[in-house]
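Below, chain A partners chain B and then partners chain C, in two separate complexes.
And then the complex of A and B:
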């Protein structure tokens, strides 16, 4: 399998926060969702990919090349949408595009003009005057206009209206129809990932909890609801996280089939959504 | 590199036009009132070295450096382009103010003094000192680097005053002896050799400054 992005034992130490041994790989032709609670390290990973911060250890390979050794070549193949787009604020959209375009050999002016039109972005408007959603749209238009092979999106759908969110997800799905391309999508809106992601990587406290195909995750993980009997010591190993209320115990299991076999009809077992998994692993007492 | 320079010129066009109008005009007038261009050369160099720093500081303010670094470029290229643009701006401003100095009505300076090798070298040396010292501090601390520079200059002044007070005039003589002996050594090379030697030192100082800035920026977290 050919990979668009390979991250191997990546580490970064901020003193009060450490990214430890982060390892995952995104195959070409796929979308990977990067999820995790606030401060888990998602943005740090993205900053490391773009060399905005220095890594302390590990390796980042993009299209087979080291992201530092072949920085210019690799960045010309990456389209980046940051959660807070920092462009040159007082310039108009056209001027920003004119400034950015010479950096990219594959810049397509016609495509850019078409995307501005499709996104209802006024070319003569100054960037600072745009709403957050419009800024995101503009960042996306720039990323798509230089025909990037890898899109890295950091919280791109926050602040967007549902209509454009759906439109964006459709565009991302269409984007990876070209099997040489890939998308890394960091978000809190897990429902977006359930629609389009092929792989999910879950980060918590600077470590990868799991990185696997989405269908495998959604098929295997389950939420279990029952009484205090779920707290029995012999059952604890099957749960990744447990939340205890007054009379009800809710737990997250990584192996739905094994859980059903062990519990039979003594508890309610439901398929876990990505949001459930993120919630229980972030808030539940347990071990992953 | 050219892309970065064009980007910065486009990004800061309005500020550069404002600076480019008022600074040379002020220096042109100020310089024309003096009988020798030495003071104007030193003061002007300080003023012009601030222009690129202020301009680059605006980009930091917008947090646009992070965006610039997400473009297909390297940190080294960004620093190199800033040095190149900085020197271009300083030289253009200096040339404009020199012309204005000569054209200003009632001016006391003549062309020979303005274009004298000594004046040109003094200007370049002053620019090198201010810009070459400021840039690494700016890359390291942002606009606070300017404050660090100014405070360091003041501390240096205080140290010399204290030294003079404690050691007496002997301290000044020691401090003055160094440039005197350097001047004597340079003079021994003859006018052309001396100019070439000074230019070589200035280039070396700029390269050292560039090297430090590149290393500092390579380690900077954005």
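And then the complex of A and C:
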């Protein structure tokens, strides 16, 4: 399998926060969702990929090349959207594009103009006058205007209305129809990922909890609801996280089939959504 | 490198134009001495260099441009190239306007204040002083960022000036080791005094060698500044 992005044992130490041994790979022609609670390290990983911060260890390879050794060549193949779009506030959208376009050999002015039109962005409007959603749309238009092969999007759907969000997801799906392209998509809106992602990487406290195909995750993980009998010591190993209420115990299991076999009809077992997984792994008393 | 210059130009061209107009309004005052014109011109070049950095800091666009397909080294070199362009622009504006005003207005005050400026040593003095300022400022900016960099630059500059004046007084008046550097004439028209000293060097070296030495000094200043800045900026995290 050919990979657009390979991250191997990546580490970064901020003192009060550490990214430890982060390893995952995004194959070409696929979309990967990067999920995790606030402060888990998602943005740190994206900043390391773009060389905005220095790594303390590990390796990042993009289209087979080291992201530092071949920085300029690799970055010309990346389209990015940061969690907050940073552009010159006092400039018009067309002037901003003139500041960015020369950096990209593949910049397509006609495509950019078309995207502004499709995204309802007035070219002569100053960036400062745009709403947060419109700023995000503009950042997306810039990211999509230079025929990038890898899109790295950090919370791109935050602030977007549902109509445009759906439209964007459609565009991303169309983007990877070209088998050579890929998307890394960090978000809290897990329903977006359930719609389009092929792979999910879950980060918690600077470590990868899992990185696997989405269908495999949604097929295997389950939410179990039952009484205090679920707290029995022999059952604890099958649960990744447990939440106790007064009369109800809810647990997250990574192997739905094994859980069904062990519990039979003594508990309610439901398919877990990505939000369930994120919620339980972030808030539950985990013992994975 | 040129891409960095281009985006700075697009971002702040109107601010630069405004600062040039302000300068021109200032220079038509008959009281302006050659030193004040030079000092104001140096501040103008420095301020014009700082404006894009200030706007980048305000809008946090360093994150954007560091994410684009360019290296930190190229960003730093671009900023130094821009400093070079601003110096050249400063020379054109300051000496061009001085020449124009001297020609248009015949008042003796203009003639007296502008004459020492419009010489080879006047241009060289301006370039060396403004070059030294910008070449000192950029490494501090790349090491400490805008806020702390500016504070250290201005506080450090004041401290150095104070120390230089103190040392000169100690060496010339107390210990009688050297003749006084800051004489009454110097204070009366420091521009002429400074330019006079540079002019002596020109007479001794001859104009071609003097011009070459000035260019070499500027090139060395910017080379050291760019090397230091690149080393610092590579470590910067966003």
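By definition in this document, the second predicted complex is superposed on the first by the 288 of 288 C-alpha atoms of A that agree within 3 Å, B and C clash if a C-alpha of one lies under 4 Å from a C-alpha of the other, contacts with A are read in each partner's own complex, and residues count from 1 in each chain.
Rule of thumb we're sticking to: a contact is a pair of C-beta atoms (placed from the backbone, for glycine too) under 8 Å apart; a residue touches a chain by one contact, two chains touch by 3 or more.
As the structure is a prediction and not an experimental result, all values here were calculated from the model.
Chemist: Overlay done on chain A, so just call it for chain B and chain C: clash or fit.
Modeler: Result for chain B and chain C: clash.
Chemist: One more residue to check, A:103. First (chain B), second (chain C), both or neither?
Modeler: Both: A:103 reaches chain B and chain C.
Chemist: Does the superposition put A:76 against chain B (first), chain C (second), both, or neither?
Modeler: In the superposed model, A:76 contacts both chain B and chain C.
Chemist: Kindly classify A:161 by the partners it touches after superposition: chain B alone (first), chain C alone (second), both, or neither?
Modeler: After superposition on chain A, A:161 lies in contact with neither partner.
Chemist: Applying the touch criterion given at the start, work out whether A:178 contacts chain B, chain C, both or neither, answering first, second, both or neither.
Modeler: Touch status of A:178: no partner.
Chemist: I'd like to know which partner A:52 touches here: chain B for first, chain C for second, both or neither.
Modeler: In the superposed model, A:52 contacts both chain B and chain C.
Chemist: Tell me the contact category for A:95 with respect to chain B and chain C: first, second, both or neither.
Modeler: both
Chemist: For chain A, what residues appear in both contact lists, the one with chain B and the one with chain C?
Modeler: 47, 50-54, 71-73, 75-76, 78, 80, 82, 86-89, 91, 95, 98-100, 102-104
Chemist: Mind pulling up the chain C residues that touch chain A in the complex?
Modeler: Result: residues 3, 6-7, 10-11, 55, 58-61, 63-64, 66-71, 235, 237-238 of chain C touch chain A.
Chemist: Using the touch definition up top, name the residues of chain B that touch chain A in the complex.
Modeler: Per the touch definition, chain B meets chain A at residues 3, 6-7, 10-11, 59, 62-64, 66-67, 69-75, 218-219, 221-222.
Chemist: Help me check something: in the complex, which residues belonging to chain A touch chain B?
Modeler: Counting only chain A, the residues touching chain B are 47, 50-54, 71-73, 75-76, 78, 80, 82, 85-89, 91, 95, 98-100, 102-104.
Chemist: Show me the residue ranges of chain A that touch chain C in the complex, using the header's touch definition.
Modeler: Touching chain C from chain A are residues 47, 50-54, 71-76, 78, 80, 82, 84, 86-91, 95, 98-100, 102-104.
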